[in-house]
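Two complexes are shown next, each including chain A; its partner changes from chain B in the first to chain C in the second.
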Partner chain A sequence: MDYAVIESYLPLYKDALALTLKIGWQGIALSLLVGLAGAAILHFKIRILKTITGIYIELFRNTPLLVQLFFLYFALPKIGIKITAQTCGVLGLGLLGGAYMIESFRSGLESIAVIQTESALSLGMTKEQTFIYVILPQAVSISVPGLLANVIFLLKETSVFSTISLMDLMFTAKDLIGMYAKTIECLFLLVVFYLIMLLPVSILGSILERRLRYAGFGD
Partner chain B sequence: MQDLGIDVLFKGTNFLRLLQGLWVSVEISLISVVISILLGLLVGILMTFKNPVLRAVLKVYLEIVRIMPQMVLLFIVYFGTTRVFGWDLSAETSAIFVFCFWGTAEMGDLVRGSIKSISKIQFESSFALGMNKIQTYRYVILPQTIRRLIPLSINLITRMIKTTSLVMMIGIVEVLKVAQQIIEANRKASPNAAFGVFAVVFLLYFLVCWPISRLSVYLEKRWAL
Partner chain C sequence: MKKNLFNKVTGLALVSALAMTGLTACSSTGAAGSNTANNTASSDTDNSESSSQGFRTLDEIKESGVINIGVFSDKSPFGYVDENGDYAGYDVYLAERLGQDLGVEINYVSTEAANRIEYLQTGKVDIILANFTVTEERAQEVDFALPYMNVALGVVSPEGAVIDSLDSIGADDQVIVISGTTAETYLTKNYPDIKLQKYDAYAEAKTAFENGNGVAWANDNTEVIAFSLENEGYVVGIPSLGDQDTIAPAVTKGNETLLAWLNDELVALGSENFFHAGYEATLLETYGADYEDTLVIEPSKN
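So, the complex of A and B:
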């Protein structure tokens, strides 16, 4: 292994990490929003939206992100919808993640005992107040381990972005291998940077899981 | 709006080629799933052992699989190991190797979870009824574990199929690659082919994975204890 080579590649990888993280967090934020909205729709059983959400979940959970991205990036411009590669990445990640986040939120919501809703309603709270102040906080704390697993999954999936020519970690590694054929150094850096990105999230996940196990009430 | 380029698929053998491409992904994932389930059963049982060295090794293995994107693993095996060790791996072999490495960890974790989820009462009750250890496992624990495991392993198949779309990146000609080739070849005649062809690929993946994941949900509900 040639350390001079590694040193000269470092700045490129740092830029790539910054871009990966930027798209990753935007996509994850979007997926959380989608997930929360979708879970609320399913929870309140809003008529037509419920069906649409169901179709959306099935469609996006049963197709690979790579295919979704190709569709967003190469196919949509043909019917006049043009989006940049970055938007496409955020959107793709958000939509894929949303389908998984809905499930995590929903399993959290379902695990809240009916007595909680009944008690809140009998205290004179409205349906919305009950949801926001009583059900949601408990449901979220229960869903956190699942949500964090999804976050790791989504950050890993960002490696697919290289196919729509976003300069993420994977793209940089592939590009450098193609140009200078320093395969081992490039792959080594790639692994190190993915570790830097994902190990903290993974550790945070296991800590939070241990903590939040005691946050449940009423059972 | 112009035509959406779906007609391209009906020219020559294009659609058949697309299906053959899909079969390549499905084939790789089926081979990997079978191997992963078998190895995963073993790894999962090993994970329930209390040996500290074994536990540490398996924990590191699980963490590697959890953190490294499958595409990175594919690159390491296909470009990295071939360079370091100088052996000659075909893209298919590397793909199957990587997906087994990944699938075994996933399956192992599922097996461990299922075994752990059987409550202690089940063991104690069967001992109290005079069953010995082998009988307990054979008639009480394993049937319950397997019932919990089957829906989860079916789910693993769909995840495997979805992940195999990545093998395009190491040069295997699967459904997405074929789609790209068809689009490129018809660039002049049908400039909008990208829409139709990618929409069909999207749908094909859905049609393969959806029934499998429904089956998994159905079995999970039906066999819920």
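So, the complex of A and C:
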């Protein structure tokens, strides 16, 4: 392994990490919003929206991100809708992640005993108040492990961004190998940078999980 | 906690480093095995990992009855998959003949521009016949046989906004290139200020260009000329850029038996004007007769 080569590639990998994180976190924020909204729709069993959410979940959970990105980036411009590669990345991650986040939030919501809703309602709280102040906080704390798994999953999914010309970590490595054929150095840096990105998330996640375990009621 | 965290990070970094060195070690022992039949490559085992990878000698290929040839699957008219699902094109025309003369079956392996060197170095293919331009950098990683085609770089742009000089490209404009091509290397080296939009496959770069994602597309001039002839509304504003290069088959570095056979074969084919026939069978439809003598090389001994 040639350390001079590694050093000269470092700035490129840093740029790639910055881009991956930027798109990654925006996409994850979007997916959390979608997830929360979708879970609320399912929780309240709002008629038509419930069906739409169901279709959305199945559609996005059963197609690869690569296909979704292809559609957003290559197909939409053909019918006149043009969005930048970065927006495509954020949208793709957000929509894919949203489908998974809904399911994570829903499993949390469903694990809260019905008696709590009934009690809250009988105390005179409205349906919305019950959801926001009683059910949701407990559900979220239960959903945390699932949500974090989704976050890590989504950050790793950024590795298919090369198709839409985004210089993420994976593409930077492939591109450098294609140009200069320093395979071992490039792949070593790739592994190290993915770890730099994901290890803190994993570690923070396990801390968060431990803290939030006490938010539950009764046990 | 802090220390614990630090340990975890360094530990994992170490593990990955070990895994990497393990990979290198494995591949060099693999090479040692194949070098028994071919002891010429054994002298330079440690200067670069590329020269110590495994490959199959000519005899091993003949014995197995199958040769693995790396071609493009999306670069019409050089290497592509036709409507019947078969590989076709100028490169494939040559590949078919090589298989025939060698008396073995051909297993086509679809490659992308950026992984052509890799495929040879890891022994996934025996020969690359994927419009591989000969460059100094690449010649350090693989062994090129005699060239069979001329090529330079070219830049195609839409009719309404023709780019006829690289200086007219604005600071915010993006030029489409394919990762791992000579166009990418050339622009990166000589025009570092031009923003490149990189794709890893021809099909995607084409679609992106058609969608108007870049002001121009830089690639082998053969490719951009074909594009402008096949698609309305595009002009090759810069038909020749950089050095005149050649395209040649490539084998894994050090695979001398296969290289020697390939060179003899190419010379034999050149003496029967095989490549003009290849042009007429595969490229004529796209380029017309005008380009035949500029593009085709009939390999000869000198």
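Here is the rule we go by: the second predicted complex is superposed on the first by the 213 of 219 C-alpha atoms of A that agree within 3 Å, B and C clash if a C-alpha of one lies under 4 Å from a C-alpha of the other, contacts with A are read in each partner's own complex, and residues count from 1 in each chain.
Quick note on the criterion: a residue touches a chain if its C-beta (ideal position, glycine included) is under 8 Å from a C-beta of that chain, and two chains touch if they have at least 3 such contacts.
All values reported here derive from a predicted model rather than from experimental measurement.
Participant: When the two structures are overlaid on chain A, which partner does A:Ile48 contact: first (chain B), second (chain C), both, or neither?
Facilitator: Neither: A:Ile48 stays clear of chain B and chain C.
Participant: Quick check for you: in the superposed arrangement, does A:Ala4 touch first (chain B), second (chain C), both or neither?
Facilitator: In the superposed model, A:Ala4 contacts neither chain B nor chain C.
Participant: Taking the superposition as given, does A:Leu199 touch the first partner, chain B, the second, chain C, both, or neither?
Facilitator: Both partners.
Participant: Scan A:Asp175 for contacts with chain B and chain C and give back first, second, both or neither.
Facilitator: After superposition on chain A, A:Asp175 lies in contact with chain C alone.
Participant: Of the partners chain B and chain C, which touch A:Ile81 in the superposed model: first, second, both, neither?
Facilitator: Touch partners of A:Ile81: none, neither chain B nor chain C.
Participant: Does chain B (first) or chain C (second) touch A:Val191, or do both, or does neither?
Facilitator: So A:Val191 meets both chain B and chain C here.
Participant: If we overlay the two complexes on their shared chain A, which of chain B and chain C does A:Val114 touch? Say first, second, both or neither.
Facilitator: The answer is neither, since A:Val114 touches no partner chain.
Participant: Of the two partners chain B and chain C, indicate the one touching more residues belonging to chain A.
Facilitator: B
Participant: With both complexes superposed on chain A, which partner does A:Pro64 reach: first (chain B), second (chain C), both or neither?
Facilitator: A:Pro64 sits against chain B, while chain C stays out of touch.
Participant: Tell me which partner A:Ser159 touches in the superposition: chain B (first), chain C (second), both or neither.
Facilitator: A:Ser159 sits against chain B, while chain C stays out of touch.
Participant: Is there a shared patch on chain A that both chain B and chain C touch, and which residues make it up?
Facilitator: Residues 74, 77-78, 162-163, 174, 177, 183-184, 187, 191, 195, 199 of chain A touch both chain B and chain C.
Participant: Contact residues on chain B for chain A in the complex?
Facilitator: Interface residues on the chain B side: 1, 4-5, 63, 66-72, 75-76, 79-80, 83-84, 158, 162-163, 165-166, 168-169, 176, 179, 183, 191-192, 194-195, 197-199, 201-202, 205-206, 209-210, 213.
Participant: Can you list the residues on chain A that touch chain C in the complex?
Facilitator: Residues 1, 73-74, 77-78, 82, 85, 162-163, 165, 167, 171, 174-175, 177-181, 183-184, 187-188, 191-192, 195, 199, 203.
Participant: Under the stated contact criterion, what part of chain C meets chain A in this complex?
Facilitator: Residues in contact with chain A: 5, 8-9, 12-13, 16-17, 19-21, 23-24, 49-50, 113-115, 117-118, 121, 137-138, 140-141, 176, 179-181, 184-185, 188, 197-201, 204, 207-208, 211-213.
Participant: For chain A, which residues are in contact with chain B within the complex?
Facilitator: Result: residues 58-59, 61-64, 66-68, 70-71, 74-80, 152, 156-160, 162-163, 170, 173-174, 177, 183-184, 187, 190-191, 194-195, 198-199, 202 of chain A touch chain B.
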